[in-house]
Amino acid sequence: MNSLSELLSVAIVLLAVLVFVAGTVALIRLPDVLSRLHAISKIDNLGFGLLVLGLILIQPAWIDGVKLFGIWILVLVSSAATGQLIARHAVREEPR
Amino acid sequence: MMIWSVIDILICALVVALAMAALYAPALRQRVMFFIAFGLVVAITWARLHAPDLALAEAIIGAGLTGAMLLMSLDHTSDMPREPASYGLRIGSAAMGGVLILGLMMIVSSLYPIHDGAPTLAVSQRQVESGVSHPVTAVLLNFRAWDTLLELAVLLSAALGILNLGPARRSCGHAASLTDGLARVLVPLLILSAGYLLWKGAFAPGGAFQAGAVLASAAVVIHLTGWEKLPRVGLRSLRLLLLVGPTLFVAVGLLPLLNGQAFLQYPVELAGLLILLIESAAMVSIAGMLTLVYLGGHPHANWPIELVNPKEPM
Amino acid sequence: MSTILIVVVIVPLLASLTCLMLPRLSDRLSLGTGLVQLITGGLLIQSLASGISHFHELGGWSPGLGIALRADALAGALVLLCAIVSLAATVYARRYFTCVETRYRFWPLWWLLSTAIYALLLSADLFNLYVTLELLGLSAAALCTIGAAKTEALRSALRYLMLGLVGSLLFLAGVSMVYAEYGTLSLMALAGQIAQTPATLVALLLLSSGLLVKCALVPLHFWLPAAHGSAPAPVSAVLSALVVKVAFYLLLRLWFELFSPVMTSLFATLIGGLGAIAVIWGSLRALTAARLKLLAAYSTLSQMGYLFVFIPVLAALPDEETRQLGFGALVLFALSHGIAKAALFLGIGVIQLQVGHDRIDQLAGSAQRFPIAFFAIGLAGVALVGLPPSGAFLAKWSLISNSLLTGQWWWMVVTLTGTLLAAAYFIRVLGAGFVTLGPEAPVKGVGVSLQAPALVLACLATFGLGLGAASLWDVLAMGSAGGQL
Amino acid sequence: MGSSPLLYAVTGALIFGIGLLASLRDEALLARIIAINISGVGVFLMLVSFAYRGFELAPDPIPHALVLTGIVVAVAASGLALALEKRLAELPKSKTHKEDSP
Amino acid sequence: MSMGELLPLMILCSSLIPGLIIFALSEEQHRLRSGLNMVGAVAKLLLVAGLIWGVYQEQVFEARWTLAPGLDFVLHVDALSVLFVSLSTLLWLVTTVYAIGYLEDSPDRSRFFGFFSLCVTATVGLAMAGNLFTFVVFYEALTLATYPLVAHKGTPEAVRGARIYLGYTLAGGLLLLIGAVWLRTLAGPLEFSEGGILGDIPGLDPDNLRWIFLLLMAGLGVKAALFPLHGWLPRAMVAPAPVSALLHAVAVVKAGAFGIVRVVYDVYGVEFSAHLGVLVPLGMLAAFTIVYGSVRALSQDHLKKRLAYSTVSQVSYIALGASILGPLATIGGVVHLVHQGIMKITLFFAAGNYAETLGVHRVSEMDGIGRRMPATTLAFTVAALGMIGLPPVAGFISKWYLGLGALEASQGIWVIPVLVASSLLNAAYFLPILYRAWFMPQRDWPRQMHIGYRGETLPSLQWPPVITATLALLVGGLAAAPFSPLEWVELIALREYRL
């Protein structure tokens, strides 16, 4: 736990965990579908982004960092698409 | 090292919790969701137990494909309210089951410590002759190639069985322009990574099954986005698709018999190349078979539901 | 390094692939493959009889690492049984499925099932047995739904598949336990090492219960009547004659070769008891069955029960010589039941094809309209009940004398009541068939080639095995490589 | 260090038991397929935990190959079962008759 | 394959091969079928003649085939088997002629004659069986071959009668099987040999042997129609006349009786069984069956049922003869096997003629039948008198010897009254038929079979009863002739008692 980058990465990962916890709490507490959807996508882009950033810092080889970044992009794309689809479905079903 | 045992306990607890949830959740829909989550956590367990091949396979096939199949078949299984068996029966069976499981767990724990069996040494000694550097692929495609060939046959029999079970699931129609965009990005990416997985299988976790499954997931994406303009795969080429893997495998296996060696005994210097050849053919077939398994029917069959060649005797 | 084993296993696989590739050739190809299998089976038995033991290390790796194929007398006898029955069923299926499209879908799956059976008989590796069991279960379930499958056929195929999966899972759990404890999967290596430890006992229980599900011993049997009863005739013939028997073959392998030190006499008596219940219960249900195929399926249940009644008698036999003879009787009974049951199902298929249903109470006049098929059913009945000219009679004779020898007379009582009940439900069928129709009934004849396989099999079961049984004993005596089988 | 694979093996045994019990219960097919897949994972967990040779050493590859084969076989079987179920659901609801009645 | 081995097999095949060929023939080829039948019957007769000559020269005929280790399929011909083979071959020839006439244009004749030949093959095989295992094999085969014959007509009653028949005989077969297997495990291979084998095998527990004897007798008793097990015989009368003639008067019933004689003489040995004390209960049961059968026959109005009950009682004579220790009683019992066969077949032929030509089934419809069908009724009368035991006809001889044997074995006190009582009862149920047939005025017959030929009925129906009746007279009258059944039985008794 000596070098600066490790210290920084631990801090960032802790932050990411915080976001995850907040998102989950929001998911449970919030009443309607759209706002809960908002909480979920927050977890995916912000929380996961911080996690990836934290990990990139402690990666020995830079290529692994790029791979991690690629993973993040993929998660972003898929969560946005699914979020949009669920929202479309929720809106159409609204008058239920 | 204490941190690792904490993580182990956490993972095991999560796995058991998700398993219980997937089995005893009230509604079928919830059970399928829990099952997919269970599959992902099990993928993490394989990673923890130093089995990257299995993590890949579990993620793609266990959670991915099986989960997709279950989701698709949710719509035609009615959630029949099962009247729970009498209270006494449930308690009795739970108790009896509990005792059995406890006994099994004690027995399993009595097996430890696992003596370091001969096989690990044998595999590493003969590794160089197997033509591939990654031990799991060596075992899968050289030492125990007969298992893999039979496994292909199992997949083939499932696919053939499904082929004559009526028409495939209707594609979900044109959901949204966004999914078109997503699919247009994802599908080529999947195909690319399938090729990469296949080629890497020789010296790192990967191989025919994972690559085939990735291709099948590409087909799932296509089915979900309902791309009608794709060229329809002809019946003849569908059959060929299913056949190329096993046939090539058997052909390569029979060659050594010509000069008096055993079945599936690849010549040592050609082993690497032959394994790659077999794996690529197998990938294509596995992709076809898994897609059929997902579609749940004959892609071309336009049988009206009742008319299933009635003059045919039962 | 004998390549005959490879021929036995690979020819059906190749046939399945080529039938899928070139459907138009599939009819002729299937006939050819059936003949090749019969010839190879004959050669295998002949070479085993002259004492050559067959062994084939796949991929050239020693069994510790790779998988080996092995054939001893028991496996050779069953390979021959499978070759005979599947050839007859193949000839039959060519006429049974009138619609060409169904046949094109039938052949590939049919030969996959045969591959599974041969691979299972010859394999000498525990995990390989799991994979072949799985292939067996899946292809059999898929075959049940060929042709215009009604809801009942689909529902029973589904139940058969699910129970097959549960059985395979139990088997796999047993395999993993064995691998954890002994570090190897090869049957030959394991045969010497198995010791009496609690983990091995649990492994034995898991393996055995997995297989008992597959060969439908009494507590786990409810899937069999529906599955065999509603499948098309050639499929239910192979299911009843071969698939159930192959699972029993595996049980024999495990109990007498691998786990013989763990195999207590209490366990054997328990198995015998379950077998006895199966014999009585199966026959009683067959007596009240409404349809011919259900009757045949229940009779399979009860005849399999006999095989389990043999186990405690063999386990209690004192010296090696009589045990070898007793074992020969067991194999003879399995063979004669396999062939006779296939003949019965093929005969029933003829009636069902022409009359459209197989309800027993409306079978009047079938003795006149399909004389050959009905004669085959009668003859198969003789072999199934175990009356003199048939091999089963010799087997029952030896079972009764062994049970008297070992003082366990109750097995004799079970055998006799079972035989009487079997005779009763066969009289019921024969009686219904003999009742003559009025002259005005349309006597629509049936092609001979549809009825011929049933008759050939029936004659083989009664006269062939009846008179040729002595040679089976010397093959078993000579060829029992591996274990004290 | 030998403790952790034991934990996984025991979890595997637990899941195998639970899954098996659930698969024998008379429920909708979907639930029984999930149960069978779960109990399959339980057995695979036992197998892989037997192969684990500690943190530094490479694990024994044979169980890994077995489990890979097992996973593929499991998906094939589940696929066939689901397809059968789909076909059953599509066929016109003929009167559910006991197997013995004509 | 020396002549000794070949002849038994040829005798077997001489009816097996025609039978199998006949199965394959279609209905229309009736000329070929009848030809085949006749050729088979005549060939068998000639072969049997050769056999008789061979056995007379003390030549050994044996064909052995190991079916399983320790279980041999043996055809061994000794004096006793020659007697039964010649009886069944001769009567098969006559019955075939009769059956061809009787089933003139009825359906399913190929199936009928196929099973008919199989049944005779089984009977002949049973006669030539060399050990108890082969005997059981043919015993069961006989059951199987006769079932389709009894159920031939296809009417519901025929099928029910056949079902009852099969139920009884299969159960009996199983009891025989248990006894045979149990004995086999105790005493090793049971080759039939004159004078019995169990006597000189040390260390056999007598109680076991008594139980085994009971099982064997129960198994054989079913076919020999001993008292509790005779139920199937009257019900099996639904079969067509040739079947009830050959089978229920000669083949099936005699198989049981022959089995009893084999077990008592060639397995246990008559002295050893007397020493075991099993013969007296057998004798008692036989005697009771004799009386019971005759009493039941009195009340039967249906002609064939009355004959059936008379068969039940007559066959027990053989069992009675076997159960009395002494050469004379043995001679009486065994020779009755032949005489009863000949007489009873005549009665059944006559009954068949009445049913076929005039549609007469009941005794009450038979008054004045003598004038309408003189030849058949004459034959019926000769056979009936023989059954009662009047001197010129064969029946008298066997009863005479039985009486002498009983006196010689000092068991006369209960055997003689039984014999006298049964003769009186026989008279009681046969004489009214004769009186009604000859002395009552003719009445209008239910059905007149119109036959071109001026005789009373078809030639092939009329001649068989006459032939067998004259045969009964010849056998009775010329009992002392060199090749008569009586001489032959004395030869058998000679060998059995090792005198």
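Letters are used for the chains, namely A, B, C, D and E, taken in the order the chains are written, and counting of residues starts over at 1 for each.
Here, a contact is a pair of C-beta atoms (placed from the backbone, for glycine too) under 8 Å apart; a residue touches a chain by one contact, two chains touch by 3 or more.
Chain by chain, the UniProt names read as follows: A = Monovalent cation/H(+) antiporter subunit G; C = Oxidoreductase; D = Na+/H+ antiporter subunit C; E = Monovalent cation/H+ antiporter subunit D family protein.
Just so you know, these numbers come straight off a predicted model, no measurement behind them.
Note on connectivity: the fewest steps through touching chains from chain B to chain D (Na+/H+ antiporter subunit C) is 1. Separation of chain A from chain D (Na+/H+ antiporter subunit C) in touch steps, taking the shortest path, is 2. Set against the C-alpha centre of chain E, every other chain centre is closer than that of A. Comparing each chain's Cα centroid with the centroid of every protein Cα atom identifies chain C as the most central. Look at where the CA atoms of chain B average out and do the same for chain C (Oxidoreductase): the two points lie 31 Å apart. Chain A and chain B have centres, each the mean of its CA atoms, that are 28 Å apart.
Centre to centre, using the average C-alpha position, chain A and chain E are separated by 98 Å. Each chain gets one centre point, the mean of its Cα atoms, and the points for chain A and chain C (Oxidoreductase) are 58 Å apart.
Counting partners per residue, chain A has no residue that reaches two or more other chains.
Listed for chain D (Na+/H+ antiporter subunit C) are residues 16, 29, 46, 50, 62, 66, 69, 73, 76-77, 80, 84-85, 87, 91, each touching two or more other chains.
Contacting chain pairs (ordered by label): A-B, B-C, B-D, C-D, C-E. Residues 1, 3, 6, 10, 13-14, 16-17, 20-21, 56-62, 64-67, 96-99, 101-102, 105, 108-109, 112-113, 115-116, 119, 127-128, 131-132, 134-135, 138-139, 141-143, 145-150, 153, 177, 180-184, 198-199, 202, 230, 232, 352-353 of chain C (Oxidoreductase) are the ones that touch chain B when the two sit in their complex. Across the complex, chain B is touched by residues 77-78, 81, 84-85, 88 of chain A. The residues of chain E lying in touch with chain C (Oxidoreductase) in their complex are 23, 65-71, 73, 107-108, 111, 133, 136-141, 143-144, 147-148, 151, 153-156, 158-160, 162-163, 166-167, 170-171, 173-174, 177-178, 181-182, 184-185.
Within the complex formed with chain B, the chain D (Na+/H+ antiporter subunit C) residues making contact are 1-19, 21-22, 26-31, 33-35, 37-38, 41-42, 44-46, 48-53, 55, 58-62, 64-69, 71-80, 82-87, 89-92. Chain contact summary for the complex, chain B toward chain C (Oxidoreductase): residues 103-104, 107-108, 110-111, 114-115, 117-119, 122-123, 126, 142-147, 150-151, 153-154, 156-158, 160-165, 239-240, 242-243, 246-247, 250, 253-254, 256-257, 260-266, 308-314.
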